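Note that subunit A is present in both complexes that follow, paired respectively with subunit B and with subunit C.
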Partner chain A sequence: MNEEKKHLWIPYLMVLPAFAVMMLVVVLPILNTVMQSFQTEGGSFTLENYQYFFTSQEAFNSLVFTVIEAVSTMLLAILFSFLLALYLRFSKSRISRVIGRLYLLPRFIPGIVAVYAVMNIIKDAGFINRFLQLFGIVYKPGLLYDMKGIILCNLWFNIPFSAMLLSAALSSVADSYVESARDAGCSWWKILRQIIWPLVYKDVIVAATFILMGQIGAFTIPYLTGPNNPKMLGILLYQQVNTYLNYQRAAALSVLMFIICLGGAIVYIKSNMKEEVWEKGK
Partner chain B sequence: MSEKLVIKGLTKKFSKTDGVENINLTVKERELLTLLGPSGCGKTTILRAIGGFHKIDSGKILLDGKEIQNLPPEKRPTGMVFQSYNLWPHMTVYENMAFGLQIRKHSKAQMKEEINEMLKLVRMDGSEKKYPGQLSGGQQQRIAIARALVLKPSLLLLDEPFSALDAKIRGQMREELKRIQREAGLTVIFVTHDQEEAMAISDTIAVMRRGYMEQIGKPEEIYDNPKTRFVAEFIGEMNFLEEGGTSFAVRPEDITLIKQENGPYRILQMMSLGHYTQAIVVDNKGNEVKVFMEKDEARLFAADDCVACRFDRKQVFAA
Partner chain C sequence: MRKSIWKKYGKKGMAVVIGAAILGASSLSMTGCGSEASAAEGVPTVTIWGNGGQEVREALQAIADAYNADPEYNKKAKVEIQFVVSGTSEQSLPDRLAAAYKAGETDTDFDLIVTDDSAIANIEAQTSEDFFEDIDTSKIPNYENLIFKDNIVGDNFIPYRGTAVYLAYNSETVPNPPKTAEELYQWIKDNPGRFAYNDPSTGNSGFSFVANTIYNQLPEEAATSDDETWKTEHQTEWDNGFALLEELHPYLYQTAGKVQYPMKNAGSLDLLATKEIDMTPAFVNMVLSQKSMGTLPDSIQLTQLEEPFLGGLAGFMIPSIGKDKEAALSVIDFYLSYEAQTIDWNTMFASPVVDTSKMENLEHEDWLAQTDMESMRYFSIGTLQKDIAQRWTEEIGSLAK
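Up next is the complex of A and B:
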């Protein structure tokens, strides 16, 4: 046996631990869940678990609620973070440098701590309300236990995250791309549309899918700040397991949520795989 | 020749020590003027101020008799070519060239004709459909020059456009630029830190140091009669020597070696540099002197020979 052949098994050995963990905590549970979703409590085949979610008004409302929340969070987070990333990339002021160092800070604050902190500010008897009372104004923001509260808290986490991705993308836009466009007589708006956007739009799609998929399965934030009804799909799932102890229905809902996320995954992979002509040979 | 660009008292400071102060400069019609100096001397600052990319603190910039110092870059009739990353990578050569023309609302037929003409001028016709990533560095810079020229700028600004290219291509591009300038009758300001490049292409050289103009003149004038020690050192090779308490400078080609037993210098090294030979001679105190000579002459000498030096042309600097 020659040297090369002797070590053929080494790469497999290196992949094995990760592969084993993948099988154990990802693939097996998914298979198990899919199987369970088609079973009755007794173990016989049924479609009833799925039927419930397609006929129940509560489930349908929750789905609509989740989609609206996820899309709003995505749009707002992308808009704000794109503006922030543009500012960080093209402003050379001191403020921009300071913000450039601080903007990731929210990512380092434990989620639940941040959520309670935001709640203390925006709740009807929170900081905004009390501060205004000092001036004799009685104002109840009405943000908490509402979709607005969920979106607000999610923006706290998602803006820094997406700004980080978009900043990295914008760093590939050289100063001279923008300067030569200005030299050619181009307005800022046109530079943004024709020079910057084509170079970064793929990363915007990636950031958007990440945010969107995160919202489909969101739990902590909607649990603490969301309304009782309609609710986010994550809460609905939690109730199926912990309140109603209906594991088969929970499994069916899980599969449905998985299928929704699959859509996001397809968009993500497609935009990553698609290579523009100009990128070839780079 | 009439005056194309006049700069009066231009000051742009980034900090107390960084920037340019009270710059006065005149560029004539169809002239190629080079701003030459070491990095950080302010040459790019002046170029970017002319192009509108730096807001100046004070002074006036007159192009074709009109003050342009308060206009943004998009309103100035200047065209700029940068060191690198000039072309927009997601657009073809044609789209790159058409970009500015579209803003100026040229008709499609007119645009096509103008672009073809410009591509022919830079000898890149046939590359319309290629993307910048498919071109070599030298080809990209040709397109960048063509893209600037197709907008018919009154003044072309080049910010070290060839410094990212390798030596051979750089030499070719110099000749190309000279030809393009002649054929299109362009006025050009060229920024470089490469004195050889400046000597080769310029009609006029402005040597800069720490934000000031050290000397402005024709290449040969600057080479033959440098006003300051800095210019003498920066342009070409120069020996700085002392004889009888006075210091002076001599170009290596202005020294003649004479074979002499017990002469004051000893040849340390002979090095053939192609069409001429460089000799380094050393005196008994260890001071080295560089000498250039013709190939035929060099055959008469070898390392360790004792020689005397005749200085045919000495120059003296105040500081």
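Up next is the complex of A and C:
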């Protein structure tokens, strides 16, 4: 009894460092930001900071631009990475083994290096343009400084990331399920829809929400590859601080972005909590 | 320490909380090892803090190494460089200074700050007017070498490097570059899509182009004044300037079917290097460095207009929260020596602030003529710079869609 009591505080002690860091660098700044967003420069209460973003055409355009960009990136990344993960899981060929090792490589390349590399290929005087010139074709891709450029760069980062998550999920699909279904005469499409999909769709939602939330606050890629107008929300936020030195408005925008991401988080948590009928007996 | 963070947190922004925490940790550890090292050698450590491009860091470091190797100077101090490279997600130098100041620290390792004069207003706005101490030039023997004696910036600032924006152009496609601002504007209209200037809030070469459209109409003294009345009482000139920018807008570089203002100073130089444009305002040292590295072709030349683009100075300042101010003076002294100025030129083609005829072993000596700092149009308008960038973002940047 005594012995047990003595060690009662140990778990708390182990949690304390992480908890303290979280409080100090995450929770407190968030509370501070929320408070600041309702203040004028002088410190009195105001709703003006929020009003600005709800009435500004520029902010609305940014929101629409960001949502379109984020949803496109998410859909394309999920589609490509799901196909890739399926291939890696079910193909036993050598190529698939090689790809299985290589596809994680982008995660070890610093972001800024990758962005410049992609830019050098897709810009109007980049690799595509120069390569085609060899054949006498003058073609300007018009990808850079456009939403297409942002999406392309983001796919570069997000496909490996979600393929990694989905590969892990697909490894829970035992060969025996697939084989027995095939023995019973199921088509590939049916196997995918009725056996594989129910086992992995939660992870697909996880990957999708991660990608989506990452896009809402994205900065480096849209800053370097995006158009002057409209801007993504991350750039708009940077501009509030850097060009306008308006910290209160920046705080309000941060809170709004936080709320948008919260929507994603709710979907994520809900889908994780939901228990399937067949899981209940486990 | 911990207590002060918690007390401050209530009023100040999150930068302060995080900044103070980082600073607290880093300054503790640094003073820790700093005093250890200096105890062994018997000299204080002077830490120079700077921010900006990688080339600035390399040049500062090269001169610091020379200082530490010099038998005369290394008796007085040991120099260390702490540098915040722009474009990294690092917390910016002004934020760190503000955090240390607001946390009430007095004995930090912010011994010397090296900064562009244009950034001073921002630091002082976040700290206080007397955040930087006046510097006694009589304790800096090499101050005699300086060609900018009538200190335009202030008594708390010692320049060590000049910066200037020139017109960079491709001499293959532009045999006769414009000589005046009017000729330049005409050239832009005659050659649609072949000129670009970067978003002025992302780099001063683009800002310089924008500022000239206003300041070419104002009297000369306006360029060295941060007086708000140059805006409030000269609305017509400002309106004219922005009307001109709007007029030029459709003739600028285009991609993906619309006008695009490149991001950062490097963005517009990239377009020049790939020959997507023929002309752009650019910082002299960036052009020369890139030429010497071969990333800009030799055909890229520099010229200055009759109404020059902005020039500025980078220099040293001593924060009141620093430790050893005497030792800091000897470091400034070394950076003003002909030897150090030569290193600065050879490393990053920084425009010297001393008489260049007394400098030896220069690389590409012929390029010096292009960076003549004595005819510099000194530009320092304080927070008006912010106003210009803001108005540009609202009225001109928004056209690019």
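FYI, the second predicted complex is superposed on the first by the 279 of 282 C-alpha atoms of A that agree within 3 Å, B and C clash if a C-alpha of one lies under 4 Å from a C-alpha of the other, contacts with A are read in each partner's own complex, and residues count from 1 in each chain.
One rule holds in what follows: a residue touches a chain if its C-beta (ideal position, glycine included) is under 8 Å from a C-beta of that chain, and two chains touch if they have at least 3 such contacts.
Keep in mind it's a predicted model, so treat the numbers as computed, not measured.
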With everything superposed onto subunit A, say whether subunit B and subunit C fit together or clash. fit
Would you sort A:H7 into first (subunit B), second (subunit C), both or neither based on which partner it touches? neither
Could you work out the angle between subunit B and subunit C as seen from subunit A, using CA centres and rounding to the nearest 10 degrees? 140
Touching partner for A:G142 - first (subunit B), second (subunit C), both, neither: second
Touched partner set for A:Y244, first subunit B, second subunit C, both or neither: second
First, second, both or neither for A:I195, with subunit B first and subunit C second: first
So in the superposed three-chain picture, is A:K270 touching just subunit B, just subunit C, both, or none of them (first/second/both/neither)? neither
Partner chain(s) touched by A:R97 [first = subunit B, second = subunit C, both, neither]: neither
Between subunit B and subunit C, which makes contact with more of the residues in subunit A? C
Give me, in Å and rounded to a whole number, the least C-alpha distance separating subunit B from subunit C in the superposition. 46
Residue overlap on subunit A between the subunit B contact set and the subunit C contact set? none
Counting only contacts in the complex, subunit C reaches subunit A at residues 5, 9, 13-14, 17-18, 21, 87, 199, 201, 255-261, 263, 274-276, 386, 389-390, 393, 397-401
Any idea which subunit A residues touch subunit C in the complex? 24-25, 28-29, 32-33, 36, 58, 112, 123-126, 140, 142-146, 148, 223-224, 227-230, 239, 242-245, 247
Residue ranges of subunit A touching subunit B (in the complex, touch as defined): 174, 176-177, 179-187, 190, 194-195, 198-199, 276-282
Residue ranges of subunit B touching subunit A (in the complex, touch as defined): 51-53, 72-75, 78-80, 82-86, 88-92, 99-100, 103-104, 131-134, 144, 147-148, 151
